[in-house]
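Each of the next two complexes has chain A plus one more chain, namely chain B in the first and chain C in the second.
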Partner chain A sequence: MRLNELVDLLALEHLTPAVSLDRPVTGGYCGDLLSDVLASARPDEVWITIQRHINTVAVAKVTGIAAIIVCKGIRPNDDVIHKAEEDGIALLSARESAFEVAGRVHRLLFPEGR
Partner chain B sequence: MQEQAGLPPEMSDRLVYRVTAGDVESGGNVSAAVKSELKIRGLPEKIARRAGIVVFEGEMNLILYANEGGTVQVDVLPNAVDIRIEDNGPGIEDVEQALTPGYSTAPEWALELGFGAGMGLVNMRNQCDRFEIQSRPGEGTWIHCVIERGRDAAE
Partner chain C sequence: MADLHIHTCLSPCGDLRMSPRVIVETALAQGLDLISVTDHNTCGMAGTVGDLARENGLSFLYGIEVQTQEEVHLLAYFDDLDSCTAFSAEIYPFLPDVPNDPVHFGDQVVVDATDEIIRVEPRLLLNSVTLSLEEVVARVRNRGGLAVPAHVDRTGFGIMYQLGFIPPGLGFSIIELDGDEIPPGCEKYAVLHSSDAHYPEEIGRRTSLLTLERVSVEELRRAAAGVGGRSIEYGRRRR
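Now for the complex of A and B:
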């Protein structure tokens, strides 16, 4: 699936319009501990989290993930959004909890289960 | 504690970064820069990613724990990426314990930001083909990671 399709289907808010969403998404990883995400998130996955501080952008860049989905309506501040745009990291905001978002992403990406 | 790569200057492509203690806002900047520099030099994504993870954990340790910060030095060698991270203290009392997954001395505020999972040194070791750590309380910590280029270059 393409990231822009996922964003439309989940009605996510795109906080970094300067960053293209035209890229593949192959899976997701859920976590709020940065070292855990570094160890386990794979390139082209979406990172589902409630973390919103500036260091998350570097974690995303280093791991090569497709986008950060910040849950529960939490919004990163302007510095974080600006840094993400500079680094080409898509920041997305979801109203739902991480559990809800992960369930929906999983259903869309793996409709047959996995 | 400084140790040179032992190569003549024309064969050694060295990146050196200074990391400031306590500068959490800049955390990750060095790792992102290293990853970009390696990709500019034509190294594959996988190698650049592994080096980025090692440097992220290393620079965060300098920011969160080192008295005066420290340095990150990356040598891009023909067959490997050689990463050295060092500081001037406080040093680690028990290195074995620090290498135990889940063990952390991070302060509460760092935990709230998602640091201090007790996985940093373990992550570094897991991303490297060779990992060495030496530390002396009161003197400092010295970490050496080597990521071989051959294995991925052949893919």
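Now for the complex of A and C:
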């Protein structure tokens, strides 16, 4: 699936409009501990989290994930948004909890289950 | 010899025996010259322990261990009780209004110099304030304090575990380590070993040897930079 389709289907708010959403998404990873995400997230996955610290952008960059989905309506501060834009990381905001978002992403990416 | 990370009976996870009297007696018995008490998100015991320490010839730094929004544990040290208390009061409104459940988390009591309970802290202290690491560091500095990330190499609440790496630009000069190995990327920091004691038996189990002209936050900063023969040496364990 392409990231822009996923964003539309989940009605996510795109906080970094300058960053293109035209890229593939192959899976997802959930986590709020950046050390764990650094070790475990894979390229082209979406990262589902409530972590909003500026280090998220660096972790996204290093792991090659497709986008950060910040859940529960949490909005990272402007420094984080600017840094994400600078580094070309798509920052998305979801109103739902991480559990809800992960369930929906999983259903969309793996309709047959996995 | 210094142990700058000791919890009192006010921390829910701190043993009820951790009264000012016991802390000071144990510190002296351990041969320490300088201590700091650093309770979670409060400095409600610092005044009493500080007075008793000084009366008994122990140097004292006022401290607090803040848990930031990212669940990073950050130590803050201050020269005087007023600054530390003002900082503590400043962050208290950002501590979620969740009542402490002593059965599950432990008691949060303020005691006097004779071990008498004078107040029970109702709000759960073992929680994150709704302020980012950056905001807490800025508030510490505004009050003239020194911010030191706690046990950076620890799984759980250590800055590297929570945030992957120490964010650049926060201006830390000192980090606290549990272990002896400097984590990658931390070579530029001065290292403190402290006990993080929650029980009397743990006081002084990890210490640092500080060479300072006097005990102050500014002297610690200079020691971190190695100015004029000042130094911070870690890896001093109780024999």
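Methods note: the second predicted complex is superposed on the first by the 114 of 114 C-alpha atoms of A that agree within 3 Å, B and C clash if a C-alpha of one lies under 4 Å from a C-alpha of the other, contacts with A are read in each partner's own complex, and residues count from 1 in each chain.
Basically, a residue touches a chain if its C-beta (ideal position, glycine included) is under 8 Å from a C-beta of that chain, and two chains touch if they have at least 3 such contacts.
The model shown is predicted, which means the values in this text are computed figures rather than measured ones.
Touch criterion met: A:S35 reaches chain B and chain C at once.
Contacts of A:D87 after superposition: chain B is touched, whereas chain C is not reached. For chain A, the partner that touches more of its residues is B, with chain B and chain C as the two candidates.
In the superposed model, A:P43 lies in contact with chain B only, and not with chain C. Look at A:G103: by the touch rule set out above, it reaches neither chain B nor chain C. In the superposition on chain A, A:A58 makes contact with both chain B and chain C. Residues 33-35, 38, 51, 53-55, 58-59 of chain A are contacted both by chain B in one complex and by chain C in the other. Partner chain C is touched in their complex by these residues of chain A: 33-35, 37-38, 51-55, 58-59, 77.
For chain C in complex with chain A, the residues that touch the partner chain are 69-70, 132-134, 160-165, 167. Of all residues in chain A, those touching chain B in their complex are 32-36, 38-39, 43, 51, 53-59, 61-64, 87. Partner chain A is touched in their complex by these residues of chain B: 24-25, 27-29, 31-32, 35, 45, 49, 52-53, 56-57, 60, 113-115, 117-120, 122-123, 126.
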